[in-house]
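For reference, chains read A, B, C, D, E and F in written order, and residue numbers begin at 1 within each chain.
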Amino acid sequence: MVDRIEKNFFALNCPYEDAEAVIFGAPFDGTTSFRPGTRFGPSAMRNESIGLESFSPYQDKDLEDAPICDSGDLDLPFGDAEQALDLIEQETTRILDDGKLPIMLGGEHLVSLGAFRAVAKKYPDVVVLHFDAHCDLREDYIGAKLSHACVLRRIHDIVGDGRIYQFGIRSGTKEEFEFAKTHTKMERFRADNFDEVLALLRLSEKPVPVYLTVDLDVLDPREFPGTGTPEAGGLSFEDLRICLMQLKDINLVGLDFVELSPPYDASGCSTALALKILRETLIMKYGK
Amino acid sequence: MVDRIEKNFFALNCPYEDAEAVIFGAPFDGTTSFRPGTRFGPSAMRNESIGLESFSPYQDKDLEDAPICDSGDLDLPFGDAEQALDLIEQETTRILDDGKLPIMLGGEHLVSLGAFRAVAKKYPDVVVLHFDAHCDLREDYIGAKLSHACVLRRIHDIVGDGRIYQFGIRSGTKEEFEFAKTHTKMERFRADNFDEVLALLRLSEKPVPVYLTVDLDVLDPREFPGTGTPEAGGLSFEDLRICLMQLKDINLVGLDFVELSPPYDASGCSTALALKILRETLIMKYGK
Amino acid sequence: MVDRIEKNFFALNCPYEDAEAVIFGAPFDGTTSFRPGTRFGPSAMRNESIGLESFSPYQDKDLEDAPICDSGDLDLPFGDAEQALDLIEQETTRILDDGKLPIMLGGEHLVSLGAFRAVAKKYPDVVVLHFDAHCDLREDYIGAKLSHACVLRRIHDIVGDGRIYQFGIRSGTKEEFEFAKTHTKMERFRADNFDEVLALLRLSEKPVPVYLTVDLDVLDPREFPGTGTPEAGGLSFEDLRICLMQLKDINLVGLDFVELSPPYDASGCSTALALKILRETLIMKYGK
Amino acid sequence: MVDRIEKNFFALNCPYEDAEAVIFGAPFDGTTSFRPGTRFGPSAMRNESIGLESFSPYQDKDLEDAPICDSGDLDLPFGDAEQALDLIEQETTRILDDGKLPIMLGGEHLVSLGAFRAVAKKYPDVVVLHFDAHCDLREDYIGAKLSHACVLRRIHDIVGDGRIYQFGIRSGTKEEFEFAKTHTKMERFRADNFDEVLALLRLSEKPVPVYLTVDLDVLDPREFPGTGTPEAGGLSFEDLRICLMQLKDINLVGLDFVELSPPYDASGCSTALALKILRETLIMKYGK
Amino acid sequence: MVDRIEKNFFALNCPYEDAEAVIFGAPFDGTTSFRPGTRFGPSAMRNESIGLESFSPYQDKDLEDAPICDSGDLDLPFGDAEQALDLIEQETTRILDDGKLPIMLGGEHLVSLGAFRAVAKKYPDVVVLHFDAHCDLREDYIGAKLSHACVLRRIHDIVGDGRIYQFGIRSGTKEEFEFAKTHTKMERFRADNFDEVLALLRLSEKPVPVYLTVDLDVLDPREFPGTGTPEAGGLSFEDLRICLMQLKDINLVGLDFVELSPPYDASGCSTALALKILRETLIMKYGK
Amino acid sequence: MVDRIEKNFFALNCPYEDAEAVIFGAPFDGTTSFRPGTRFGPSAMRNESIGLESFSPYQDKDLEDAPICDSGDLDLPFGDAEQALDLIEQETTRILDDGKLPIMLGGEHLVSLGAFRAVAKKYPDVVVLHFDAHCDLREDYIGAKLSHACVLRRIHDIVGDGRIYQFGIRSGTKEEFEFAKTHTKMERFRADNFDEVLALLRLSEKPVPVYLTVDLDVLDPREFPGTGTPEAGGLSFEDLRICLMQLKDINLVGLDFVELSPPYDASGCSTALALKILRETLIMKYGK
């Protein structure tokens, strides 16, 4: 039979059973208040991953034959955020129960809550590393508690004070920045303290379970215009790449990359950059 | 003071108090399952209305000084369809209570349910004239009962059998078309029987209250590409215009035009056409 | 030397001296009030003409070796309409003085005034055939007498009553339509009387000199979305093509095609259609 | 496990073994001379097929559980037309050998040659029904014999005179139209004689094997702008749909739909229309 | 009454009477020689300002309840630069006469001349701080003295030598750079001397009145692609932000931000960045 | 005669005979595997060069009256890479034989092979300076030896080991990076050693002939999104500009700039940047 064009991320074809990590898409943007479009993120990334090499010149390693399964995109209902979060939590729980690492691609940032609920049940002492341009710490948004603008606040509801580390933040209400002062550890604009935070985590006797959530709008819009609410003055690709490379010996128990909105970047550069961030992260953990 | 650029539809500047009709936008697309964007419909129409003359060469009348108020766009929460419908119902009720005609611009088709609930409370014997490419008669859509794909079914829940007339329908599930056979009066593909239906309504001794809901995707995509789910084989602008012109002596108690999605028509033709349909309808009722 | 890609319209390479007709672009849109872009019309048409055959299956004739010169695009100053018109008039006069037919491509409709001034000096008894969606009969537009919205009024200033025939008109102010009733011969919406008008012109003993000005927005936006002010309900390509084919024995002394705005039609269909209209017109006169 | 979003056409999930028909994509546009992009046709159609119902209100039948397999997209080399055609021929041969109907989605029109070579080997007396805006009858194109502009000429090389029926043709060189006069049966502009041709085919004692190749640019650009070389004056969706519906009792042995170029229609209407044509054709043959 | 979506910049709702500063749009691009579109700048900024927080994490202050009035967009005639400038001058004079600070949003750079004329009448000793990629020092542009390419030259006509400070300049004719050597203080490419210039101004006994004009194309196109004539090698958002923050104690008597052209940045990043620059400037002066 | 808009690069009008350097376009993208569009590079650059000044503020020199001829764009066949390369080689040979410097604008990177073949025949000891994001060192790509992904490997076939210097490389297969280790001199990610390499070349007694090939995707996509395969983490405009400025005393015998794909950057910034790079290079050699 004549060869077909691959449909999986980076042509990964490890079966679920044999996989150590599982990628899935969560194409939901039902609470996006400004410009929707992140629902198209996972499929755009999958389509475009054909154009990207599986080899990393940064790490001199390759993704070929990595024990990672591309598990497709969840079929999520628009207009019902709670049900969407339930389905995401179910899927994440299944992956965790099978002893694998869940890697979720958004979708709007609210989807992180679904995955995190599953992770926090299994790892109650989990710590959150959060890259974002926005605080996402509102108590509610026009009355709704389940909103992309509240997602870290909901996560704080679960983990409490001092367990959330925020980087690159440069937008929010006065109240959100006030809240952060006493309840989270926030670094504005930059991620210069990321190494320090990791050093702290490494001090623990037994490995601290860590959930990583990357709202890709933490990147400067000049490199990543394809997002709903672009905020000038962000991290560079290189900044973010270097941070993520420090996670090699960290006990990652779940991670997500969210808020890529392909319709707002016709050049495809944002999708390509998101893929490169994903590839480098995967190779760091599983490359050969 | 130097003149400013008008911000209202067609530069209408009648105060609410003096108005006989009130236009308002309902920029909500939270349940849109395929391609969002109708949330941008009302503001695009308002912006572009500068480019359209207030005079109709079809009717030889003008919209200048018409007793119509542009009341702005409602601030609706995404991700909470029920609350959005409540707010729309409140606003429509206010307009009806003040003895004025509500004219709503969507937004996705679900918004019609909010306005219709208010109308049906005041006019329990209301009849619905429905232009659309899609049946919109599903019992639910991926579990959700409040969805653009269910809006006419929800309206049927209120008015019951034989009170809904559907025109131009050319897409739906087998079940929806089955449902229509016994519960609504549906004309597929065309609106050739529109005159007959109106003739029937005119037979009534006292004027039948009529709610008109126009999903603009009833138009052929060649004329109206700016919509989320384009369906070839639809009505022409001229077909729709002629139908609407028959409503002059009909007792309209509420109307809406929905599903314009400006991001999908960069040429602006769809927005311009929607405006022209709106202008002709307004002039038919209020032109001089 | 290796072949180069042609830069002229339809690869026409007849030198000016030997030409019977001369095409030139007038890339000016300085008075466009709504959405500019027609300045890009002539260059877009020239670039895209590579994709169009020089043979007409309608007329079974070819444009190859036709005595037509592509004379390039005038360098016109933006922000100074009078000077732009002067330059266009100069160029048209030169072509007329050399005994050739001027064929101008806009640009906004105001450019027609420059070419017409030259034509009217040589042919004081000239008659105007005008295809357009808009009346273009305003006395002034926000104070300016030189505006695309006034161009036919300015031409009327020159030729007086009864010498302008308008077709396809479907937009304008009440005053413009009033003016037309006594000063021009206008057919609204359609061009059904075009044949009759030509029949009338043919009655004259000596051939009546005719200037043809085609605002391409006379076409329905479904076929021609690439224009600044799209007006639904217009002529089809076939309608316009058939009209133009009647001009074979008419004494054309100047013609223009204006208001193509390529930025508003990314598909390129509008540019392709404008080229086809131009090709058929050229072949009608000069094809073999 | 949580439901995933379907990846196949119309959610078809019949295995290859049980299928009576097999759809595959041929994403190749390596010889496209003007504006490339048809390589994106098959994947765009597959992605967008989520938005289309599987039920046809025209035929009152559904595609659910139809014995049709979506076999994915071939991995074809750009810059080597001969090798691409070989791979397409191999795949088509496999499908034919397995007693199934091959249904190919382009890609540029040249891909039809690959499929047709396989079909003609199995059915030497095959007749070709060809819808197109262009003759595609050139002996060569800038020296190349394998070009989209030559594909019907290459097919003529195989089947000889009188076996190719062409409809909707409205563009080509003088030589191509000359060639058609003696070697093919061509109807210009329209497909009014399609019924007659089928009537003729039905006269044969044993069913004539028929290959159907539809260059979607046969449609008018107002309905189908998403193609590389738009030609005004074409068939409507309804024209084409009605033609195809006549094929119910015809012995189709292979078919293709080519030349959808999604990048040139950002509205998605062209892709949606192509899907609707495909759906109606599939339901005609396999719907229930 | 149900809440409406705000229409003013940053939801500012201070009445004109109570305002200390007045924002108005000058949507004019009539002399733009290359790619028009800045006429859409003010309305795009107003629409998008919904997506931006009113709080600045840079300054830890908020714009809420600031004494700033959004006064709408002037209705300016295209094709008549002199009249447009007159209207802008009238409006600026009114604001100055009422003791308020005029803040103008372009539009092309020529609009600055209108505002500056009013300012220079009230403050004859005004000094100009000019950020731009281009010199804008031509004596005329294709014969026209009123052109975006001449605006600083016209301002020089008013203030004379040594009163104009230019930053970030990286494009112009040989003559313009020659002119700058003796008549203005120009820093090429960068704004490293901005502090020094301000220090100089602070030396004066009584506060020097300063007019600030920011052509946003001074920014690097990688951050600000939405402009007519992008010039690589410009300032970063952070560079410009830091400069503007130095103006806190400077006697600003007028300011403008011009040359945002939304049609050239579909991602919306340029508009968002312009808004952020505006917000920071407003908060610097009026934030709490 | 009224002035025409210039059609040549930077309005260069030196005749071929008098020119010291000759620019020509090679609009070919027939082997592009991912996203085609570089075929539109040369014409986009030519059109947009109107918007760029001929004066360089970096070098304080002008391009006016420079001895450079714009020789137009070659007419190259798509789908036949070998023939396209032959034509490019012919043209380059002609230019070299006439004692002039060939400057080619792509098109995809494969076109460099055609020009280089001609150069290597005349200068067998030529050294290659190669800027690129990609290695381009594959032995073949899906079986094809003539592919954009193999072009430097084909050049290596001609010149052998140690004669190719690569800069900015950040993407490729494991095999390509392996190959580079022993056969070329490659600097990953940056071009920090460019000066050193030039210093080495300057050591030679007689000037080393140098061919410069710049794949513009070496630039970071934030500055240059208009390319088929964007790779984050590249050189800045300023990095590349400074490198090229070092070439003043180098014996350049041929150069090319390739892989600009205008359809992927609607803002035009990429085209503008490519032009600026070209302008600075030309002025470095021929400015006054």
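Convention: contacts are C-beta pairs under 8 Å (C-beta built on N, C-alpha and C of every residue); 3 or more make two chains touch, one makes a residue touch a chain.
These figures come from a predicted structure and were not determined experimentally.
Enquirer: From chain B, how many touching-chain steps at minimum until you land on chain F?
Expert: Minimum number of steps from chain B to chain F: 2.
Enquirer: Listed by label, which chains are in contact with chain D and with chain F?
Expert: A, C
Enquirer: Let me spell it out: compute each chain's centre from its C-alpha atoms, then which one is farthest from chain C's centre?
Expert: A
Enquirer: Out of C-F, D-F or E-F, which pair touches the same way B-D does, with over half the contact pairs the same?
Expert: From the options C-F, D-F or E-F, the copy of B-D is E-F.
Enquirer: Between chain F and chain E, is it the same set of residue numbers doing the touching on each side, over half shared, or a different set?
Expert: Both copies, chain E as well as chain F, present different residues to each other, with under half of the numbers appearing on both sides.
Enquirer: Compute the rotation angle for the C-alpha superposition of chain C onto chain F, expressed as a multiple of 5 degrees.
Expert: Fitting chain C to chain F on C-alpha atoms yields 180 degrees.
Enquirer: Could you put a whole-Å number on the gap between the CA centroids of chain A and chain E?
Expert: 38
Enquirer: Roughly how far is chain D from chain E, centre to centre by C-alpha average, rounded to an integer in Å?
Expert: 56
Enquirer: Among the residues of chain D, pick out those that touch two or more other chains and give their numbers.
Expert: Only 75, 220, 222, 266 qualify.
Enquirer: Classify the chain contact graph as line, ring, star, complete or other.
Expert: Contact map by chain: other.
Enquirer: All pairs of touching chains, please: list them by chain label.
Expert: Per the contact definition above, the touching pairs are A-B, A-D, A-E, A-F, B-C, B-D, B-E, C-D, C-E, C-F, D-F, E-F.
Enquirer: Okay, in this complex, where on chain B does chain A touch?
Expert: Contact set of chain B toward chain A: 29-33, 36-37, 39, 75, 77-81, 83, 141-144, 146-147, 263.
Enquirer: Where on chain E is chain B touching in the complex?
Expert: Residues in contact with chain B: 1-5, 7, 25, 27, 43, 47, 71-75, 87-88, 90-91, 94.
Enquirer: Sort out for me which residues of chain B touch chain D in the complex.
Expert: For this pair, the touching residues of chain B are 34-35, 169-174, 177, 188-189, 220-222, 225-226, 229-233, 264-266.
Enquirer: Which chain E residues qualify as touching chain A in the complex?
Expert: Per the stated touch rule, the residues are 50-53, 55, 57, 60, 62, 220, 222-223, 237-238, 241, 266-269, 272-273, 276.
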